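There are two complexes below, and they share subunit A, which is joined by subunit B in the first and by subunit C in the second.
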Partner chain A sequence: MPDRALEGLKVVEFGSFISAPFCGKLLADLGAEVIKIEPPKIGDEARRFGPFPGDVPNLEKSGFFIYLNGNKYGVTLDPSTATGFDIFTSLIADADVLVENQQPGVLKGLGLDYDTLSKLNPRLVMTSVTTFGRTGPYRNYKGYDLTAWQGSGVAHRYVGEPDREPLRGSWYHADHWSAVSAAAATMIALAARDLTGEGQLVDISETDILTTHIMGYQIVTLYHLTGEHGARTGANAPRTGAPVGMYACKDGYIFIMPLELHHWHGLVRAMGSPDWATDPIFDVPSHERVEYADEIDELMAPWFAERTKEEVFAALQAERVPCGPLYNAGDIVEHEHMIARGFLAEAEHPVLGPVRVPGKPYVLSETPWSLVRSAPTLGQHNQLIYGGRLGFSNVDLTDLRRTGII
Partner chain B sequence: MARLPLHGIRVLDFTVVWAGPWASMLLGDLGAEVIRVESINRADQVSRGAPRPSPTILEQARGAYYVDRTPGERPWNRYGYFNFPGRSKCSITLDLTRPDGLEAVLRLAAVSDVLLDNNRTSTLARFGITYEAMRAVRPDIVYLAMPAFGTTGPYARYRGFGANTEAIVGHTWLRGYPDADPSMTYVIFHADAAAGVSAAFALIAALHYRRRTGVGQFIDMSQAENMVHHLTPAFMDYSMNRRSQESIGNRHVSIAPQGVYRCLGEDDWVAISVRSNAEWHSLCRAIGQPSLASDPRFGTTSNRIRNHDELDRILSAWAQDKDKYAVMETLQAAGVPSGPVIAYQDAHYDPHLHARGFFELVSEPEAGIHLHPGRGFRFSETPLHVRSPAPTLGQHNDYLYRDLMGYSDGDYQRLVDEQQIGEVYVGAAAQ
Partner chain C sequence: MTKFPLENLRVINFGWVWAAPVLGHTLGDMGAQVIKIETRKRPDVIRFLPPSIHEDYPLESLYAANTFRDLLGVTLDLTTDKGQELARDMVRSADVVIENFTPGTVKRYGLDYDAVKSLRPDVIMISLSAAGQDGPSAKIATYGNIISCLGGLDVHQGYIGDSRPTTYGTSIPDPMMGILGAFAVLSALRYRARTGKGQYIDLSQWEACATTLGGPIMDYVFNGRIQYPKGNRDDLMAPHGVYRCKGKDNWVTIAVKTEDEWRGLCDAMERPDLADDERFGDTYSRQTNHDEMDGIITRWTSTLTHRQVTRQLQRAGIAAFPALSAKEAFDDPHFNARGDWVEMDHPLGKEVIYGIPWKLSKTPGGIQRPATMMGQYNRFVYGEILGRTEAEIDAMEADKVLY
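Let's look at the complex of A and B:
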């Protein structure tokens, strides 16, 4: 019996940066064999993006690339050459899945579009991730994480002050969301293939993904239902519940959300049931406590200010109050809870040695997540895949290298 | 009609708020029969709203979740926050505080494939609903639990909403204006839906494994950890360099210019992102300032990053008297990644989304006809549609108790008489 969930699944990844590579990684982490194709010499664009150790750029030392490409085999290939094209199609003939995020038109130009590949391998599931999707008037437009994020409505609605520019999220949300969605959609297409025997094209639009997942609620719940709409209201927005928000502790902040009445009771107990807090005028639903929001904030402030965010966190959670401290990256890399859960993993990289990376967000009891190999160096598995799998001799490989095909 | 990919899969849905219902909505759209298990006693007020909303609620932001701000006779069936992710599901009511409640759950589990739970760890266990108990009646069940911080570790029993998990894994810290204190950042609630998508992926992968081996399993997912991935560059910077990054607004550490610039209109903006020298040269031509392309201040990415303030001034001055869509057309024609900043009323009318068939009309029994967003992925051979509108509370009791579980008329009637089954919350007026 296979010991990993996706063992036996063969995936070819022809993409760069985040969306296709992270999709490939999610599949590889659960046991799929992922062969990552990179352009010869320059490699995946992510190799040129930091962080690098000591800020010294190096194609083999990008922390960003190393994280996104663990558990894969890496080969180099230029499919615009005749031999490169043949090698590409040989890999596809044997694959269950192709994941790609090339700019619009690139695959068609190479003769590697879905129509061609599906004739070669009718069982192929081809998952394509683009900023705007493969249909619609913007299908040939170029985009980037920021344009997808800002094009989804989330920034305009939530992020920033009303009189200033809407802000991006923390790093690359559009790309990561699309990658997870692409991985789910790929598995769905494989489930459909189990029913029909046929593969298909999966079209993922980053803009659609964010519009659905983040803004879907707002679009439906407000605009469609009442015709009302709104924009970001900023940090000093009118409040709909109290106390809710960011509170200053001795060494930082904690975000608390005691939405239900029993949460408020828990908060009061955690603060030692001071006289002011037990006043019946506050013993009402959160939205009615708004009337006294400023007063409550002022009365609560000293209790928070005298304690560290960890102390407040533990005290409130002991009373079942939903809350979380405001952490930075360092807090997370050294986080005791995530270490205790085994979330943080060590990648043994051939060039860098051991590096701590984010690990498994889900633990499957019977089919463990595992980091079995670190991200490939550029062309690391050319010999293994082209020699071992496709039968090229050492002389052939030297030739392919010399002519820049691999 | 072709069978949908999750045809024949039955999901027992114990989810609350957003993350869980989002996952089960995706499974429902994909063809699974999702049974939403609802308490007849206590409304999940975040999802279904207050059973009898007060005038204050109706005036506030949350009041807009009711169609036309009008709660009607049964407000819980008119609440958009439920009705959007409630689509493609059935609803059963029961009372877990009585033995009949657990009995019904076990009878449902015996004929189900998946159980989905995003309550705090131990909430369902209090009622006897655990992986072990479900596996006893359905050995190959796939059981996914996704509390805020997972089911193990020091925070296993901690509570958090998406806004709390975002703060804990560093997103709130990195989202803000560079000149503002981190406490002045904004909550965007995206950790919930992100967890929903990941949960759907993990479940479908586990079902893939089960189809091949017959073996089910327990999946322990942490909503907080799920968001760490999105933070890769910041995580790796600390991991390798022991440096904690700060927010840089809309800018990027490795490419320039990148920003959001004001256009003509009250609150209209365009996002521009230039990744290479070639794109920079195209941008210079597109904005009618070709000489900038040879200006040494902007000749390389590092020079453009160094002189970003000046680039922001140039692009702001150029964009300020233009329509945001016109800016996109001009720049896209030159091959420069760009797009309007969409306000959500824009999304509603967006020609691209409509051309892609993104929205679907859904007619709800007590809430009228509304456009729903689709699901972000599109299949060439397995087109997906909203399969049914969100169920009214207890809408499928008859089908589920009698047809699926085989309750006799007498047993069913007893549960109705004892108010364990119904379409109105017991004591709704008091909640």
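Let's look at the complex of A and C:
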């Protein structure tokens, strides 16, 4: 087996659903040893989320759980018991990283907050993902993915129609993006530890992640310069360039963005250089063409409507016009490009047998992304970790099981 | 103890638009020296998308003002021999090289990984392309908004039952791709610290988007089912939505996970009878009767402001929060207390830009330089770092090598 980039890194994951588990997954997929702690009997929420084969709920058959938790070791533990607490701290004493996404107050209630854990292990990097972060007026507020989209200002400004309620964005994307941020920030904290010898608390707030990067990349500056900040505009108008947007094809939609002048020329050629399109009044930068946006849309519509989205995609890409069809999950995994690059990965699951899951976001030439093992069943590695690592005997383990501690 | 844990790192950023500058500044904010290569022959599109920070400087857009911070901008025409020679010199001193051109482009400049590696064997090079370096669609032309469409983000966003697809009013994937790239680079650096080996990272933004769609993809893999937008609703929680409040475009989010929380909401609405109403007796029933329940909740929320609903429900342990407007988010004490908005002295005037998105307790990093203007650091980079004389730099400017 090739080397793995994060070989030797010991991570404890104490979280549920997406943000902490996806962060743990990013680390595990590059070779970190991730021990995932789940509550006894019920496990991670993602186990109840599904989707399940044939829609039959089963804690061991949730596709989403299996996807998010590949490459990890799974143990069960109730740290609110005295023995459970001791086991938790034993795992932490030996860890480089703790990733958690408990609601505010939960860790403190368990006596497992950063101040306590850092005394036990000063080299620990503790990465905490919450909706509002560990400081500031809303630090004790409860929240979820929805709260982050809406609370960050992103939904109100950018998602949804102006006369309707603001919308959360795509599929738990605030959770996923925060997990990616947590993984990057964890690596920064580990780089810092290489210099200083000390661990630290990495405080990730989902609302911070969205608001800084999306509200911040332009309009926060505009607001402070001019007082303006714009409002959500819905699907198409008003626009900063034309033609830009989602166009209806025979069998679906394609999103086009000919922002540069040469893109516009390419689009005109792809459409067969119709007379209207070669009019010099349109031969101007995209943002000046906005004046004629509706007129252009109307003139372009028939050419798109007569073709499939793949035909339009191919014709426009042949002229180097930035565009792409509106794809769903099936379109993505069945796409020849995804198949050619081997997007889906497969591993043998203890209950379901071979299961295909979404695979690598990147290829690292020396230390490739790899799915070494499927997600653990509930408590699958109790024996391995508690017995093998912490030295509990089989009798101890039976007791722990009987008392509901594991 | 240093605030800047990456201060020993040098990064050469050939990348442009949004994701690559974010990858650069993510490292730069933490102390890395990040040199951004640009050319006036084809300025970074992000530089001239209006509005700009000053009307006399159309290449200093507000996008650049935010995402080009902590980058040392130099001009360099990579199509010239002399320009490529300078690029090779930079690469020799680099720990990390970033690029996001269409696959194949760097080879024309003599900057593909094999060439870069021959100049600096332990370099980490990352390409952030739309679709990866190989495969039938490798060379597609895109922007982030298009990746969002290809990668399945757009199709999972929208109102329930709307036939017309919607898109975001911005590019959602770009900054996440920059941060994901930073994670991959930092992981590769960790490997290099252990083994002395560099490597090449091929990040496909299309695939990276699709890795955030575990549920819909697994539903397709298991059941052949295609999922569509669920508005503001959720499979595990109900009620879960955005409710109209008193005032113009004033909305509050409410998400209820447990039966205790549901009872708490009923009490807050002064409708304890609903707690025993079988239409809403468990999450499943509440999901089935969500529209009806939403009507009841809206009758209550519409008499209050989003702040009033939030205070009342959070006190009862329920996840409620305003759908903040842009203005409210910028003025909000929480985001300001957490340093999300930072005032900087840009050469063209004072500005507010976004701060460091995450908070590290001991080595927080920080924004050291406002956005680089076009070619602002030519003298510093070519003179002090690469050792060219003033006369040589003048000549290269005159010959439009530095252009």
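One rule holds for everything that comes next: the second predicted complex is superposed on the first by the 399 of 406 C-alpha atoms of A that agree within 3 Å, B and C clash if a C-alpha of one lies under 4 Å from a C-alpha of the other, contacts with A are read in each partner's own complex, and residues count from 1 in each chain.
In this section, contacts are C-beta pairs under 8 Å (C-beta built on N, C-alpha and C of every residue); 3 or more make two chains touch, one makes a residue touch a chain.
Keep in mind that this is a model prediction, so the values were computed, not measured.
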Clash or fit (per the criteria above) of subunit B with subunit C on subunit A: clash
Subunit B versus subunit C as contact partner of A:Phe255, first or second or both or neither: both
First, second, both or neither for A:Arg389, with subunit B first and subunit C second: neither
Touching partner for A:Lys10 - first (subunit B), second (subunit C), both, neither: neither
Which of subunit B and subunit C A:Arg269 touches, first, second, both or neither: neither
Subunit B versus subunit C as contact partner of A:Gly330, first or second or both or neither: both
Partner chain in contact with A:Arg401 - subunit B first, subunit C second, else both or neither: neither
Subunit B versus subunit C as contact partner of A:Glu288, first or second or both or neither: first
